[in-house]
Every structure is written in C-alpha cells, then in structure tokens.
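Here's the structure we're looking at; comments come further down.
Letters are used for the chains, namely A, B, C and D, taken in the order the chains are written, and counting of residues starts over at 1 for each.
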Amino acid sequence: MVKKFNQLAYSNLDDFVYGSCPNPVTTKSGMVIGGGTVYPEINFTLPGMDINDTTIKKACTIYSNIIDGVLKRAAELYAPGVLVEFETVPDFTENPKYGIEVNRILLNSMKEASEKYGLKSAIRTTPNDLREFSRPPIMRHGKYWDTMLELFEQCAKDGSDFISIESTGGKEIHDGALVKADIRTAIFALGVLGVTDMEFLWKHLVGIAKANNCYPAGDSACGFANTAMVLAEKGFIPHVFAAVIRVAAVPRGLVAFEQGCVGPGKDCAYEGPYIKAITGLPIGMEGKSAAGAHLSPIGNIAAALADTWSNESIQQVKLLSEMAPVVAMEQLIYDCRLMNAATKKGQQVMFRDLLVDSDAALDVQAYVLRPDVVMRISAELVKTQDNFLRTKIAAKLTVQELKKAINEGIVKSDRRDMKWLDKMDKAIDSIPDDAGEFYEQMKSELDMTKFIPSEYGLK
Amino acid sequence: MVKKFNQLAYSNLDDFVYGSCPNPVTTKSGMVIGGGTVYPEINFTLPGMDINDTTIKKACTIYSNIIDGVLKRAAELYAPGVLVEFETVPDFTENPKYGIEVNRILLNSMKEASEKYGLKSAIRTTPNDLREFSRPPIMRHGKYWDTMLELFEQCAKDGSDFISIESTGGKEIHDGALVKADIRTAIFALGVLGVTDMEFLWKHLVGIAKANNCYPAGDSACGFANTAMVLAEKGFIPHVFAAVIRVAAVPRGLVAFEQGCVGPGKDCAYEGPYIKAITGLPIGMEGKSAAGAHLSPIGNIAAALADTWSNESIQQVKLLSEMAPVVAMEQLIYDCRLMNAATKKGQQVMFRDLLVDSDAALDVQAYVLRPDVVMRISAELVKTQDNFLRTKIAAKLTVQELKKAINEGIVKSDRRDMKWLDKMDKAIDSIPDDAGEFYEQMKSELDMTKFIPSEYGLK
Amino acid sequence: MATLNDVSQCVLDGELDEVKALVQQLIDAGIDPITIINDGLIAGMNIVAPLFKSGEMFVPEVMESADTMNEGMKLLKPLITDGDIPSKGKIIIGTVNGDLHDIGKNLLIMMMESRGYTVVDLGVDIKEEAFVAAVKEHKPDIVGMSSLLTTTMMKMDSTIKQLTKEGLRDQIKIIIGGAPITQEFAEDIGADGYSEDASTAVELCDRMMTA
Amino acid sequence: MATLNDVSQCVLDGELDEVKALVQQLIDAGIDPITIINDGLIAGMNIVAPLFKSGEMFVPEVMESADTMNEGMKLLKPLITDGDIPSKGKIIIGTVNGDLHDIGKNLLIMMMESRGYTVVDLGVDIKEEAFVAAVKEHKPDIVGMSSLLTTTMMKMDSTIKQLTKEGLRDQIKIIIGGAPITQEFAEDIGADGYSEDASTAVELCDRMMTA
C-alpha cells in the first residue's frame, strides 16, 4: 500500500522548475497543478474576534466578504485559476459545525465566481491539528481526534478538492529542542515521533479523502521548521540551526506522500522542493508575498520550484486600497504572471535561476533551497527507506553542505555559525542509525512528562 | 535657464531599462540612482488619527517606530540602500512645524541606521499641495502657498536629499472632466492649466532646492492620471480613457524637468517612463508591491523602467507578521533583488521584457507603458517645445496606438472601448493647436466659478 | 406617437437632444405630468442604476442619463405644483474638515439626485459646526460624510459627537464613506451606515428611508 | 584563587561544569553567600541580558547561562535563609484559553527567572477563571498573558474584565504579548503594558516594579 520513493523524480536539473512536475494533479474545475502554470494560492483569516454561537454569523459574513472580494479581483486580473486555502481557526475544528459552514460558504462563492466570471478555482481545506490541546498530547483517539476527523470528512464530502493539515506529532518535544538549539532532541522529535505520527495520521486522512472524491494533498512542518525560521529571524537561534531543521523535516513530510498524498504540498512547507525532487508531485510555496504572515530570508528563492504560490495568511483588515486579502490576491497574481510569462517564452530555467541567485548567497536558509543542493541531498535520502535514518542523514548532509559553502564563501554567514555547525555535527554523529536504539538512549535525556510514548507506538 | 528636450535620451530600445539611465543622480549617502541598481523606495503614513498639538507627540512616536522598523529590516535583508519618501499628511503642510519635526525624526533615524548597520539611505520629502484648499484654488500666493514653501525650505535646509510634490494645478477642472470622460476639458486642464502652474511652481521649488544643497526630484500627475486609473479599476470610466489621460499627463510632468528637476521622478507618476525616455533621468515607479495603496492593472510592467521601486503608501497597522511598513519594505527589497540579480547576469533586458509581457496584453493602461510604445510616442513629443501642443499630440497618438493595438488584437479590450476611442479622437481633433485659441473656445464650456484664470496667468 | 417607454429608453441612452420632443409629445397628448415623470423619466433612471452597479454603464453615461432626465423635468416642472414631485428624502453631504477629496462625494450626489432625493452639497473641508448648522437649516433625513485620509477620518467621529451634543442626532441617519472607512469604524463611531461606493450608498439610503 | 568576576564570566559563558568549583572556592574563602549571588551569579546574568537584546547571544546560550547560575545557586541556597534572596517580584504567566503557543511564553519565563523574578507558569489554554484563581492563590505583582491567534486575543480582554469584576485588577499590573497584539490593543483592553518580545518584556516588568 505504502509508496516507496527510492529514486529521484528528476534526472535533469533543468527540468526541476516551478510550475511543472512529472505528476501534476487536476482539480475538479480543471486546473492542472504542476502542468505548466503557477497558480496563486490565497489564504486569509479573521480579524481579532471571539468565536462562539453569537459571533459565528458575523464570522461567516466576513469569510463571505473575503472570498467574494478575492475572487472578483482574480477575475478582473484574468487569473488562470485560483487555489483557495481554508486553514481553519482552532475553534472551527473544535466545533466542526463552524468549520463546515464556512467551508460551504467558500465552495458556494467559488461556484458563483465560476458562473459569473468563468473563473476556475479549487479549495484546499486545512483543519487544525488540535491533538496537542491535551498536555501531554493524545494523538490517536479522544475528542480532539474525533472532531478533527469529523471536519475533514464532511468538508471532503461537501466538495473540497484537497485536504491538508499542519500536523504536530512530536512538536511537544521539538519546541524545547528548538530554543535550546538541541539537534539530537530535534531529530528525535522529527525522525521518531513526527514520522511515526505522520504514518498513523495520514493513513486515516488518505482513507477519508479517497472515500469522498477528494485529494489528500500534504502536510507541513510549520510548527517545526517555520518556527525555527521565525526564531532565527528574531535572532533567538542560529540561522544554520534553522537551515538544518528545514532539511531534517523532509523525511517527516515525505511520509504523507508515502501514504498516498498527491500534492500540491502545503504552502508553508518550505521543505517542499525536496518533496518535489523525490516524488515528482506539485508543491505549494510562499515567499515575499507572504510577508504579511511572516518575514523570511527566502522571499524569492521559495518561488523557484513552486506550483502554487501562496500568501500563507492575512487578516481581513482594511489597507488604504482595499481589504488585505484582496491586496494579497493581486500581488500573488502578478508574481504568477511573471513566472508564467517566462515559461511561455521558454525562459523558465533562466527565471528560476534569477529567483535562486537573488537570495541563495545571502542566507543559509535560502542556500539549502537551491535546486542543485536540493537534488544533491535528495539523491542521498532516497537511498534508504527508513525515515528515521533519512532524518539523521538529512541533518548530517545539510551540516556538511553548509560548512562547505561557508568555507568557500558562497553564502553569507555569521561569525558564530561554524561553531554551531561543528556542535551539530558532533551531536548528529552521536545518534545511532537505529530508531529503537536511539529511543533507548534518549529516554534518560527526555522530559518524559511531556509526551506519551504509547501515542507514538513506543514503549 | 529652462532646459529644452528636443531629442530622446535613448537611441537604442535595449538601453532603455530599469535601474540605469544616462543621467543618474547621487545621494548624500552615495546611492547612485539610475546607476545600475534599483533601490527600494519606502513610503508610509499614520493609522487613522487626528493631528493636533496634543496628538503630534504620538504621531512622532509612530513615525519614529516606522522608520526604525523599516530600516532595521532593510539592513537585515542587506538592501544596497533605501530611498525613504516622506509624503506629508495635509496637517503637516498646513502646520509646517509638524512636518519639519517628523522630517528631522526620519533624518535622524537614517543617520543612526547608517552608523548602526552601515545602511545607506536617502530621503525624498514630499509636502502636500494645499493650494486647492481654497475653492476656487489660489495658486500663486496666500497662506497655503506660504506654509508649503516654508516646509519645503526648512526640510531642504535640514538635509533632505530630494524634494517632490504631487501638484494640483488644473485639478479643479480635471476632476469634472474625469467623471464625464471629457477629453477636451481634460486636455485643457493638463495642457493649459497644469503646464502653466508647473512652470510657476517648479521655478520656485528648484530655487529652494538649489539654495539648500538639495535635489529637486519631480512631480506626479497623481490627482489626474492615477485618479483616472482608480476610477477605471472601479468600472466608473473606460480603461481607454484612463490610458489616454496617462500619456496626456506626460508634457505636464516634463515641465518640472525643464525647470531643473533631476529625478528620481515621483513613484506614483506612471508617466515616468516617458519622462525617462525624454530626459534620461532616473524615475521612481510602483506596482504590485504598492497594492496596499491602490490596485492597478500594471503591477509588473511598472517595474520595467524603474530606478526606485516603491510601495506608494501604507498605514502603520499590524499584520500577522509585523507592522505593515516593515512588510512592505521586505517585499520591495525582494522585488529589487530579483531585478538587480538579472542585471548582474546581463539579463536585464530579458527580465524587463518579462515584466512587460506579463501585463502589456491584458490592459490598455499597461499597453501604453510598453517601452517600445513609450519610445515611439516620446519621439514625437520632443518634436515640439510647446507643452500644450505636446499634450494634445500625446492624447492623439495614444488614441491611435490603442486603436491599432485593439484592431490587431494584441491588447485585451472592452467591447465599448472602440466607441470611446472614436469619441476621443473626434474631440481631440476639435482642439486647436494654439493654447490661447483653445482657451477662448473653452471659456463658454467651462464652469468659470471653479478656477481663477489669473492664477494661471490667463485672462 | 411617443410612449412612456420611449421616454425611459431616451433617458437610458442619454439622448439629451431628443428627450424634450418626446416629453412634449406626451404632454400634448394629455398624459398626466406626474405619470410622465414617474413612468417615463424616473423609470428610465431606475434601469440605469442596476446597469451601473453591474458595470455595464460608465459614470459619464449615467451622468448623461441624469442630464437627460433633468432636461425632461424642465418641461414638466411648470405643469405641476411643488409638492407633487415626491422627494424620496433629503440628504446633506460633505467632505469632512481637512479633506479635499470630492470625486466620490460628487458621484454620490449625482446618483442620489437622479434617484429622486433632494441633495444639499456642502462641499469639501467641512467643519463640525458647519454640519451642525446645515442640519439645523435644512432638516435633512440623512447626513452623509466622506473622508479619504487616515488623518481626517476621526473628524467623522467628532462631527457625530457634535451633532449628538446639539440634540440633533436622533432626527437624522448618518452614513459615511471613503477609502479608509470600514463597517467596523462606522459602528465604532456610531454612524448608522457605511458604504463602499456611490451605488451601494444609494441602496443604503433607500433602505434607511423605508425602514 | 577564584574571584567574583570569574563567577560572572562563568555564568556568561554558560560553563555549567565549572561553576560549582568556582563557587565552592569562594564559599571556602569565606565570602558572604549573598555577595556571591549578587556580585557573582546575578552580575553574570546582568551582562547576558543586554547581549541577548543586541543580538550577540542566542537563546540557547542565554539558557546555558541561566542553568549555570542555577547550578551555582544550588550550592548557595542551603547557606542562606529563604528571605535573603530578594525576589524582584512575582509574576504569573499563561497563554490564554484556546491558544497553545508557548515558545514565546517559555522564553519570557526563562528570562524573568534569570533576572531574579519569581515566576508561576500557568501553561497554555488558560481560562479566565484560572487566571483569577491563580491571582488569588499566588498574589503576584504582575500577570502576563500571551496569545498568538486573532481569534484568541479577545480572551485577554475577557480575562481583564473578569479580574476587574473580582476586585483584583488594582492589585496587579497586567502585561500582554503575542503576534497579533499591539500597543493600541493593549490600551483598548486596559492592559498596563505590551511588549514585542521576551527581552523588552523583562525591561517592561523592571520599569513596572520600580515605578
């Protein structure tokens, strides 16, 4: 049942480019994602407000205004199609009836926009992973598990094109590892807990999707690698640490595709290029036009391999011109126009390389997204099918790539970076190749009150 | 004294590109604008608030927070330099002490950022044209004229690199022409009133700048052509009308440069490419990354010839990541990185053409910004030195270009466009070549209570 | 012979030169002037409004229609007594103190007038006291305020406060609009309605007058 | 022989393995334990704070420094009576109801503790009643609330209202923080302070405790 990825999906670096991939996916409205065109992926959320039975009507009106506004602007700017991501707020997953209602509002407005403007659109529904509301998290049963699955199932039934999630298995351990810049513990969280939970979770989600004429799309290591990026941007942890975490999150993300996801990968999963190299499936990405959701050192390079181009999230607030989601829609469309114009002229590789060159030398986190680096590391990852070992290898190879790049002076670095890379190198070498053996070692180092081993099939 | 522009600054279309121009200008901090690098130009304004003696302290704190935030982010992203535009709110021009105080705050933070991060920056100070506060407007004396000049002079003395303005001479007549889509009256407003006022105004401003070691930069037909664009985007007036107004505004803008402006032209002056073609001076431009200030059909093509790339304006409001000006700063920097990366690889013409191709066929207002169209029309404009006649010719040539393009199917058009182009064509042909004769004709058509002829040297 | 429908069509097409002859024919045929107004001229404008809203008519075309209607009215007004033309309501409109933007305001005035409202245009840069004085003088049903700057929008708040202080607030509905304005802001300062653009503002006033 | 300066440097460098020996030497040399704490351990942390703020130290390094300080404290605590270590103040901190984000909160706790504050960590997803109960139980000087979601930030408002209703508001200072929070929001809901990140939050608390 489980797909094996034991070779790269690409043999030529020049084929590895935004907008197209070996295995595109076609939406209900006929958008072919990965078929040559980069589509905008628009995201949005509520302004500051409470959600309850009294306010839900207002919330629905806001969502209705947002979707009508962004689709109208997309039509006015002749977007070839729009992927809408509905990433719920936690209350919508806790009370699935709210999430279901809003999802229906969005679906309905998309249908109307199709009739009114001839605009193609598709929707990715992304419930929240609420399982960590229990502390320590209950991952495999309980009310949060039940309501989450209920929301997935009904939205799939109601016509969502894609389902995604930013799952959190292992985050309870990873959070602490991040602020300590502790790579051993981070690898345990990603490569043992994360990987195991992804297998369990996505087996269920793929089942729900398949039963309801919906695509399982993919997951994001948002709570792991993007948190690392944000902490690094604030100067809290070393940029090299965040860069290593990014690549170490790849095997975790890959599990969703082993279980049957078909893409597009989640927008905020910057590990996406690795997934695309290995699976040949389309990916969502986000960069400079998602700056309203988070700042980043990868504003352009993130687009180099994108099949959908996203703004990540924006509240419904008024800017001088228009509501912020409409502004985001416009910016995404112009970014996509530019990429697609290059493709039309056969200049996509050249344009990809401009996106890459404009960022890659300025930050180690951008450097690890270089298509050649991605291909080189991915080629090693497919040599094993053990996702824990893959995680360790991913971290190790990234440390090596960065050391080499810094030594050669081809990427900007902080004077403290080499010390941290050495420290990580040593720590990674101390990790055994066997997950079980590693867990035994870690038992004494871990705060065992923070997670429940049996929720990860561990003893 | 007055410069004559009787030939194009470019002989080869391939030299006509963003980031460089024959006559670059160097800021006090050593940024060479038009010297090969596109610089971000950041703009910002207050959130909704009253300005008075009690609130000005709070306003100053807000400006201080904004400038510190944007310069910090610019340094973190290794911007090669930043042009700051301080476009005042009307209260700051009416009470020059407010404007002067904020300008000093900005200058001071720029100096600190230079010391702290080594970041180069320069400032363009743009007071408001308050003369229209009198109705009908008093253009050549009175309290608004006095306070405006006071603000210009002190800011220039205090160290501003550039002064600019969005002047409004003739707007009192143009507003009505816009909503009636009346091209005859619009040409009178731009080519007779606008041109005359620009001569008067910029003679004074150039004098102030020269006396204070400051550059006179340029003006914008914002209240004319951008208002037309916004009305067209709302579906209020035909896009072809807005496109014709854009080009008809060129001779008015050119007057500032005849009087001695050296650029960079104002960001929101989308007529800038024509100015650049004729004068060889650098221009500011804005497009998709100014969507928070206004939506537009020219998000990418606006960058094709930009020497500074601006966000136009954004309030100090919080987005999910950061305050909106910081978000804008990040987006501009990534846009500039991409353009500059192409230049570095010698691919600037190719990249320019992608910016052009991605928009030019989709809207007539984008079409008239095509570098070849700009060169073609500009070549005709330099054949006369009469700025009124230039205005008429600009409108006439634009109508012809658009008819041809629509007939050839190389630009998207509305079914009603050809009717409006014909209507404009006829109206333009009815205009005599002599400004005086035209004024005599117009006397019976104009609402003479709306403007004071003597304020434009007319009888 | 001309029909009421022809008059409506003439208004819709903005045929300024032809409307007089058509209306005159109907008058000569003994049709009740009030009927010509309601079922001819205003009926025409009632087709214009939704076409404008859906983007099928431009403002200059709407203005031509309005001018055409007014041209027809000129012939009819002498034939009726003042109270016979039912005004849908009276509105005073102004751009607030410190703000000079008036294109949006002027559009609204044009739309309101052609819809049958009596409109008093206060102009731009209107101080709180001037709004108060105008309410006292004109006794409008609705007060409309416009602002395009973040630094003048708070003037709407102070104007409403001033109207409340003078005991006038309960006698009027207040609508506001302009680039930085939102529904939320309208609620915050206690306005009765907010509208994004001229055509929705007209609908908003219609709802207020019938509520 | 070891000096107080060596202890400070040891804290700054986060040399967990060496601090004990150094502190022991000073104890053996008869230096007053309170002096070792104030002029050795805490003096070290006082260098750490500004280095962190200016971006010259990473959080993991700050944590190592804090751990090092705590390791030294372990030796000293038995030698002094409880009241001798002056707490700079007591703060209770929690992430509001419906919100699970705790990295920022945990950073703040670590910074506050190493600065000499007594901190009670309530955890995440903390209901209004739980804040109230904790204030009653712990009688803190400051209450800190964190929220990262636009849909949970209003919980700060309701918590403050609840604290006011219970008559506790005047006895405490309230600080708030998190991605969607602004100074303006803090003022709107009647919090005493807002801070962008952990290090400015510590400074804010310092100012509050000395005001």
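In this section, a contact is a pair of C-beta atoms (placed from the backbone, for glycine too) under 8 Å apart; a residue touches a chain by one contact, two chains touch by 3 or more.
For reference, the UniProt names are A, B = Methanol:corrinoid methyltransferase; C, D = Methyltransferase.
Everything quoted here is computed from the prediction, not taken from an experiment.
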{"item": "More contacts between chains, A-C or B-C", "value": "B-C"}
{"item": "Whole-Å gap separating chain C (Methyltransferase) and chain D (Methyltransferase), where each centre is the average of the chain's CA atoms", "value": "61"}
{"item": "Chain B and chain C (Methyltransferase): spacing of chain centres that average the CA atoms, whole Å", "value": "34"}
{"item": "Chain A and chain C (Methyltransferase): spacing of chain centres that average the CA atoms, whole Å", "value": "51"}
{"item": "Cα-centroid distance, chain A relative to chain B, in whole angstrom", "value": "40"}
{"item": "Where chain A touches two or more other chains at once, by residue number", "value": "45, 47, 315, 320-321"}
{"item": "Chain C (Methyltransferase): positions in contact with at least two other chains", "value": "150, 180"}
{"item": "Pairs of chains found to touch, sorted by chain label", "value": "A-B, A-C, A-D, B-C, B-D"}
{"item": "Residue ranges of chain A touching chain C (Methyltransferase) (in the complex, touch as defined)", "value": "47, 318, 320-321"}
{"item": "In the complex, chain B residues that touch chain A", "value": "45, 73, 76-78, 233, 287-289, 291-295, 297, 299-300, 313-315, 317, 319-322, 324, 326-327, 330-331, 333-335, 337-338, 340-342, 344-345, 347, 350-351, 354-355, 357-359, 362, 412"}
{"item": "For the chain B and chain C (Methyltransferase) complex, residues of the former touching the latter", "value": "45-51, 89-91, 132-133, 135, 175, 178-182, 227, 231, 234-238, 315, 416"}
{"item": "Partner chain A, residues of chain C (Methyltransferase) touching it in the complex", "value": "150, 179-180, 182, 184"}
{"item": "Touch list for chain C (Methyltransferase) against partner chain B, complex", "value": "55, 58-60, 63, 98-100, 102-103, 106-107, 123-125, 149-155, 158, 180, 185, 197"}
